[in-house]
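Chain lettering (A, B, C, D and E) follows the sequence in which the chains are written, and residue indices restart at 1 in each chain.
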Amino acid sequence: MEFGYYPGCALHGSSNDYEQSVRACFDKLGVKLSELEDWICCGATAAHSINQKLATALPARNLAIAEKSGCANLLAPCPMCSMELIKARQAIQADEAVREEMSEIVELPVTGATEIVNLIQVFQAIGLDAIKSKVTDSLDRFKPACYYGCLLTRPPKTLRFDDCEHPSSMETILRELGAEPVEWNYKTECCGAGMTLCDPGTVVDLAHKIIANAKKHGANVIVTACPMCQMNLDMRQADVVKKFAESLDMPICYLSDMVGLALGLTPEELGINRHYVALRV
Amino acid sequence: MSESPKRLIADVERLAHTQVNDCYQCGKCTAGCPRAGVMDAGPTRLIRLVQTGDVLEAAACESVWQCVSCLTCTTRCPKSVNIAGVVDALRQISVERNITARKYSRTVLFQKEFLRNIRRNGRTNELELVAAWKLVAFFDDWSPFKALADARLGIPMLTRHKLHFKPGSPVKDKAVVRRIFDRCAAKRKSETEQEQD
Amino acid sequence: MAKIGVFTCWCGENIARHVDVERVAKAIESLPGVHCSMNYKYMCSEPGQSLIIDQIKSLGLTGVVVASCSPHMHLKTFRAAAAQAGVNPYMVEMANIREQCSWVHADKEEATAKAIELIRIAVEKLRHNRPLQPISVPITKKALVIGGGVAGIQAALDIAAAGHEVILVEKEPSVGGKMAGLSETFPTLDCSQCILTPRMVEVNQHPKIRLMTYSEVEKVEGYIGNFSVTIRQKARYVDVNKCTGCGTCWNGCPNKRIPNAFDFNLGNRTAIYIPFPQAVPARPVIDSTRCIHFKNGKCGICEKNCAAGAINFNDEDKLVTEEVGAVVVATGYQLYSIGKEQTNPNISGYGEYGYGKYKDVIDSLQFERLISASGPTGGEPKRPSDGRIPQKIVFIQCVGSRDNAKGVSYCSKICCMYTAKHTMLYKHKVHDGEAHVFYMDIRSGGKKYDEFVRRAIEQDGALYHRGRVSKITEEEIDGVRKLIVRGADTLTGKPVTVEADMVVLACAMTPTDGATALAQKLSVGYDEYGFLSESHPKLRPVETNSAGVFLCGACQGPKDIPESVAQASAAAAKVLVMFSQDQLTREPEIAHVDESLCAACCACVQACPYEAIAIEEVLDRRGNLVKYTSRVNPGLCMGCGTCVAVCPSKSIDLEGFTEEEVYAEIESLL
Amino acid sequence: MENTNTEQAFEPKIIAFVCNWCTYLGADLAGTNRLEYPANIRIIRLPCTGRIDFNLIIKAFEVGADAVLVSGCHPGDCHYNAGNYHARRRWILFRELLDVLGIETERIHFSWISAAEGAKFQKFVTEIVEETRKLGPYRGYQSITHAEER
Amino acid sequence: MEYQEYQLRETAARLLREEKVNVVIGYGTSAAGKVIPVFITRPEDAEKLVWNSECHQNLVVFLTRPEVKKLGKPAIVVKPCDARAIVVLGNESQIMRHEIYVIGMVCEGVNEDQGRPSSRCVICYGHYPQNVDQVIGDAEDAPKDLTKEERRQTGKYRRIEEIRALSPEERLAYWKKEFSRCVRCYACRQSCPLCYCNRCVADKNRPTRIPTSASLQGNFAWNILRAFHLAGRCVSCGACSAACPAGIDLNLINLTLASAAETHFDHLSGTTVGAMPLIGTFSESDKEDFIR
C-alpha cells in the first residue's frame, strides 16, 4: 500500500516528532509514503486571513504537483493542511473558472484529481484486521480521551469525515488495540492552538478546560491526530498547571504513537520521549 | 469619501462565498464560540454589522482577530451561513485598509510575517518567522516584555529537537512561489478595482 | 340551422370609448349564422339581460354570443339568462372585447377591427357548439374521517349531528390523538382531558358514528360522492363486543415493563393494555410482539381471568370495505426527532444536542406527559434519569423548526405558546425552580396569546434568552448529573451557559409517518415536508385538489387546538354542503371517448392527471368481448383536455373545447 | 420601393393559445390595469396547456399566422395539477422536429404567465409583435400553404 | 448466417410440430427471388424460411392485422429492432405478449435497397435481440453497439446533422422538395408496425385536421403528424422509408425525434417492457430553457 505524503511545515519543524511517529508506524505496517516533490506551505490561517485567493492558490499548487506525479491518495497528517487542501480541491472541482484561474496562477494544470486523506483514514484503509495481525502489545493500560479538535471534522460539509459532533473513528481503532477510550465532552472543542503565540492567555484557559475534562472522565492520555493540538496541549500544560494550580499530568500523544506502541515500537522510535509531559509506558 | 455599503457587503459575500442576509440573528454562532466570552463583538454581531452595511466597523472589531478559526460557528449555523468565512473576509478587509484593532496589530504582523516567510522560503522556517515577527512587533509597540514572552519556550524546544536553525529540506523552485503570491495580490487588486468601476 | 344572436356591450364607456360598438354590431350582422346583432350600454344589467331573453324568445335564437368583458366575469350570468329563455346554457359564448381589447388598445380603429375578429371567433365556435347537459353524480351520504384526534373527532361529531353517517378511523387503540396526552392547554390553562374526554365518549356513543380504532385505511377507489374505501382492522386479540373493559386482564398481565408509546416511553404498560385510563373505547388490545403467549404459547393469564371470554389469541387482521361520499383527512402531526437516524434524507439529527442520548433532554410532548396529572409521574415533573425534581429547566424553542441546515424551514407556530405554558406549569409546581427559555422570536398572535406569554415572564419569572443553543453536554457536578447548556443572549451579545437539570426541546411539528402514503392513495397533493396541500391557500383552505376529499388539523400544516377544531368544523361544513344535495351536479365540459374508434393504446389513461380514464371491455349483446376501449369517469374528469392532445386518433374529445370548435376558431382567422 | 412600403405596413398576425386559469386571467389583468400592447394578437382560450395539441400550432400557421404564442401556468401552479408539465414535454420534442424541417422555431413562443402577471403578459406580447415585425411575414410557411397557387 | 437460417427452420418446424403455435410469420423468397413475408402453417414448409441481409421488412406489422390474427397463435421472426416494436405494442396494450412466440435473430444489419448496407443499422442501439422468447445466433456475432456519442457521428444521425447544419430556408427547401413528391398513398402508415389506429386522424373530417389532397400543405401536415405520433415510440425499423414509393427518407424525420428523445430524456424506445410512454408522462425537471 502506498500513499502520497504531504508533511506540511509543522511536521518538518516543531512537530517533527509527529513525522517520526507517522513514518515509524507506517514502516512497521508496510505502508509506503512518497513525499510530494517540492511541496510548499498550504498557507494556513495566515493566507485566508490576508488574501482568500492565496488561500486557494497555495494548496492548489500542491494539488497540481500531486496530480502531475500521478498520486491518487495524498496523506496530509496535519488536519489544517488537509482541510486547506480539501477546500481548494472542492473549489477547483466545482467551478471550471476556478480550475482555469488556478492552473494559470500555480503554473501547472490542476483538476483536483487527487484525493486527500487524513491519518485516521489511512489507518482505516489499511484495515483494523491488518493492523491487529501485527500487534504485539495490548494497549489495555491506556484510557485515552480521543481529541479531534477543530479541523478533523469541521466544516462537515467539506470534509465529510466522521460525525462532527460525536466523532468516534479514533475510539474504534484504539478499542480494537485493547485500549479503553473514555467518553468525555470536549472531543471537538477548540484548544486555541492558532493563537498560541499571539494570545497565550486564552489558549491556557481553553487548554485547561479540555485537559481537565479528559482527566475528570478518567483518561490517562489524550490522543490526537493534529500536530498543533498536540503541541499546544503538551507545551502549554505547564502554564495551565501554574495558572489553575491544578495537577494535570496528562500526556498528549498522537494516534500514530498509540498504534506504534501496539505494534511494539519503542517510545524513542516514535519520538514520544520528546514530548513535554511524559507518557508512562 | 464613505464607501458604498452595498459594495462592501458584496465584497464580503464574494470573499466568503456566502449570503449574509440568510442570517436571522439566532445567536447560535456566539453560543458555540470558544472565544465569545472575551469578544467585543461576537460572530452574531459581526454578521449583523455586515448586513447593515457597517462592514468597516465590523472589520475594525477586535473579535475579528480573536477568532481561532475553529469553524464551530459555520458548522452549527442553522442557515448555513459561512460565518468563519465572513470573519476571514473581514480580516482581509481590515488588513487591506489598515483598520485593524490596535490591540491586534501584533497578530496581523504575525500573519503577514508568516506569509512573507512562505513567500521567501516556500515553507515556514519557524525560528526565522518568530524572530522576524518579534522584531517587527517590537518596533510596532516597543514592548520588550511581549518581545521576550515565550522565549523560555525556546530552550526546551531546542533540546527536544523541535526547533532548528535550518529547516529540513528547502524548496527548490522558490521563484514560482513568489510568482503565485504576486499573481494573487494582483488578482485581488484588479477585482476590487473592477468592483469600484 | 344556427340562429345566433350577437349582443355587443358598451360597458358604459369602458368598451365604447375605444371600440366603435355600432360599427362592430353592423359588421357582425353579415356573418354566417348570425340572425341578429344588437348593442346595449350594459349587457349584464337587468335590462341588458332582458334584451337577450326577449330576443331569444321573439326570434327563436339557438345560440348567443355576448361581446363584453372576460368570461371569467360574466359567462355564468349570461348562461343563466339564456337558460331562462330556454336556450341551452352551453350555447352561449363570450367575446372578450373589454379586458383583451378596449382596455389595452388605444387606437380606436385597431381596437374596433380586433373586436370584430374576436366576435367572429366566438360566432364560429358557437356554430360548432352542441348543447350539453350538466352531469349528475349520485352521492353516498356517508363520510369517512381519517384520524381520531381532536380535529377528526370534531369533524365526525359535526357531520353526525347533521344526521349523516360517519366512519371514524383511528390507527391507535384509542381515539384522542395528541391532545389526550396534553397536560393543560394555553392560553386558559384548562385541563386538556377535561375538555376532550367527553367528546371522545360522544363519538363512541353517537348512533351515527361508527368508530373503528386500531384500524388504517388500506385502499381508496372511486371518486367524489362514490368512494369505496378498504379499511384494515388490525387484530386486537380482544373481542370488543364481549369485553366489558373491567381491567382484570391488564391488571393481571405479568409483562408489565413495556415502554408506553402514549407516554412517549416515559412510563410503562402491560402486554395487554389500554394506552391510558380514559381510553375510548375502553377496550384493551394485545401487543402481540411483546405478549408472552405469542412468544412461547404459554401464560394466557388474561384469557383465564377474563370472565367475559373476550380474549381471542387467534384474531386476525380484517379488511372491511365501505362506501362513502366524502373523506375528511385529519391525520395530525408528530414531533421531529433529533436522533441520528432520520427517514427523510433532508433532515439530520441534532448531534450538538446529543442526538437524544441524554436521558434528561426530552421533547415537549414528553414534558406534557411529565406534568400531566394522568401522566406516568402523576404530574410530578420528575426527570427521567433519576427521578429528581429538576431545579433548573432549560426550554429550547425552534429545535428543527426554521433550521434549513438540519431540520425544516418553516415555523412550527405553536411552540412559543406551549413553551410559555411549560414554564408556567413548571413554576407552579416547583416554586423556587428556574425556567430558562432560549428563543429566536416570540410568535404569540392570537386571542389572549401575547398576554399569556407576558404572564409567564412577568408573573412567573421565566427567564427568556434571545438566542439559540449551540451545544448540550452532560457532566457530573458535585455528584449530580447536570446538562451544560451553552447558548447565547443576542440582546446582550454574550454567551450564556446554564447548568440545567433537564432540557425540554420544542421540536418541529411534522406530518405523521404515513401521511404521504395516505395522500397518494387519495390523490391529494403534499409539500416537500409531507403536509397535505389545500386546494387554495386563501379561498379553499379545507378542500383538496381531489374532489370530495377535505383536510383539517395539523396534517395540513402546524396548528394549535382552536385552529384545528375550527378547520374541522369547516371541513364538516363542506361535507354537509355536498350532502345537502341528492345528486352532485358537475360541469359537462369533460372528456368523452368515441368508443368505436378508440384503439385502447392507453396514452390518455397514462396522461390523465386525475386517473379519470380507464380501459374497459366493450361487449356485444351476448356478452362476448368485442374490443377494449378507454372510458372517462365523469365523476373524476376535471376537463383539462390533456387526453385529447395525446390521443393519436383523436378518439377522445373535450366537451366545450372540442376539436371541431377549436379548429373552427382558428379557421375563422384565415 | 413598393416592397419597402409593404414591409412597413406589415402587421404581424399572431395567434395565441392560452390556458383558461393562468395566462387568460393574466391577460385579463393586463386589461384591468390598462396595460397597453399591440392589437395583433388573437387569443384562443383553452382549459389548459395540456389541451394544446401540436396540430393546433400547425393549423395556426396554415391560416397565415406569422407567429404563434403558447402560454400557461407556471410549473407547479397548473389548475389541473400537471397539464403544463405534459405540454412542456411535448414542446421540447416538437421544437426539435420543426427545427429539422426548417420551420422557424423563433416564430413559436412558449411562456409561463400566471394570473398575477398582467405586466408580463403585456411585455411578452409586445416583444413578440416587435420580434415578428422584424422577422417579416412568414413567407416560409406561406410558400407551403399557397404552393398550388403559384 | 446460414447456420442461423438452419436453426430458424429447425425451430419453426419444431414449434409447428409440437403445436406450440399455429403459424410462423417469417421471411421467404418469391418466385422472382425477392425476400417476402411468408406465413408457414405446416412443419414441412419451414424449409421455405430464409434469413439473410435482405430481410429488412418489419413483420411485426402483421401482428395487429385481423386477417393474420385469424390464423391462430403466431410465432414471428424478428430482428432486434422489430423486437422493440413488439415491446412497444405490448406496452400500449395492443398485443397479448404471452400469446406470441417471438424468435429473435442476432442481426448484423440488413441491406436497404440495391444491396447497400443500411445507414440506419449502424446507429442501431441493440444488435442482440432483447425481450424475445428465443434467440437465434451467437451474441459474439452481433456487431458491437455504438455509444450514444459514436452514433451521433455516423449513419443516419450524421445525415440529420448535415441537414441541421443548413440554414432554415435551405432545410425548408429540402423538405419541400422531398414532400412535393409525396402522393399520400399512406404506404408509410400501412407499413409501420406502430400505426394501428382504427381510424387515422388523417382520414377524419369534422374537423379536417389535415388537407386530404396531395398538396404541399397537406403533405407537410401529414408528415409532421405522422412523425410526432411516433415521437418516443419509433423503434427505427426503417419500414416507412422502405415502403415509400416516392423514395422519401421518412425514417430521417422519425430519427430526429428519436435522437431528441435520447438527448433530453435518455429514452430509447422499445428497450423496456412496461415503460411508460414518453409523451403522456413527464418529469418536473424537464428542461424549459426555451420557455419565457
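Just so we're on the same page, a residue touches a chain if its C-beta (ideal position, glycine included) is under 8 Å from a C-beta of that chain, and two chains touch if they have at least 3 such contacts.
Nothing here was measured: the structure is a model prediction, and the numbers come from that model.
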Could you give the fewest steps needed to travel from chain B to chain E through chains in contact? 2
Just tell me the minimum hop count from chain B to chain C, counting one hop per pair of touching chains. 1
If chain centres are mean C-alpha positions, then the most distant from chain D is chain A
The chain whose mean C-alpha position lies nearest the overall protein Cα centroid is chain C
Leading the contact tally is the pair A-B
Between chain E and chain A, distance of the C-alpha-averaged centres to the nearest whole Å: 63
Roughly how many whole angstrom separate the Cα centroids of chain A and chain C? 53
Rounded to the nearest Å, the gap between Cα centres of chain D and chain E is 35
What parts of chain C, by residue number, touch at least two of the other chains? 352, 471, 607, 646, 663, 667
Can you tell me which residues of chain D touch two or more of the remaining chains? 54, 59, 82, 86, 90
Among the residues of chain A, which are close enough to touch at least two other chains? 164
With touch defined as at the top, which chains are paired up in contact here? A-B, A-C, B-C, C-D, C-E, D-E
Over in the complex, which chain E residues touch chain D? Could you list them? 160, 163-164, 166, 168-176, 180, 209-210, 215-217, 220-221, 224-225, 227-228, 231-232, 253, 256-257, 260-261, 264-265, 278-284, 286-288, 290-292
Can you tell me which positions in chain B touch chain C when the two form their complex? 24-33, 36-37, 41-42, 44-45, 72, 76-80
Write out the stretch or stretches of chain A touching chain B in their complex. 9, 12-17, 38-41, 43-55, 57-58, 61, 101, 104-107, 150-151, 154-157, 164, 188-190, 192-195, 197-200, 202, 206, 235, 274-276
Interface residues, chain E side, partner chain C - complex: 92-94, 196-201, 204, 206-207, 209, 229, 276-277, 279-281
Residue numbers of chain C touching chain B in their complex, please. 352, 398, 402-407, 440, 466-471, 486-490, 493-496
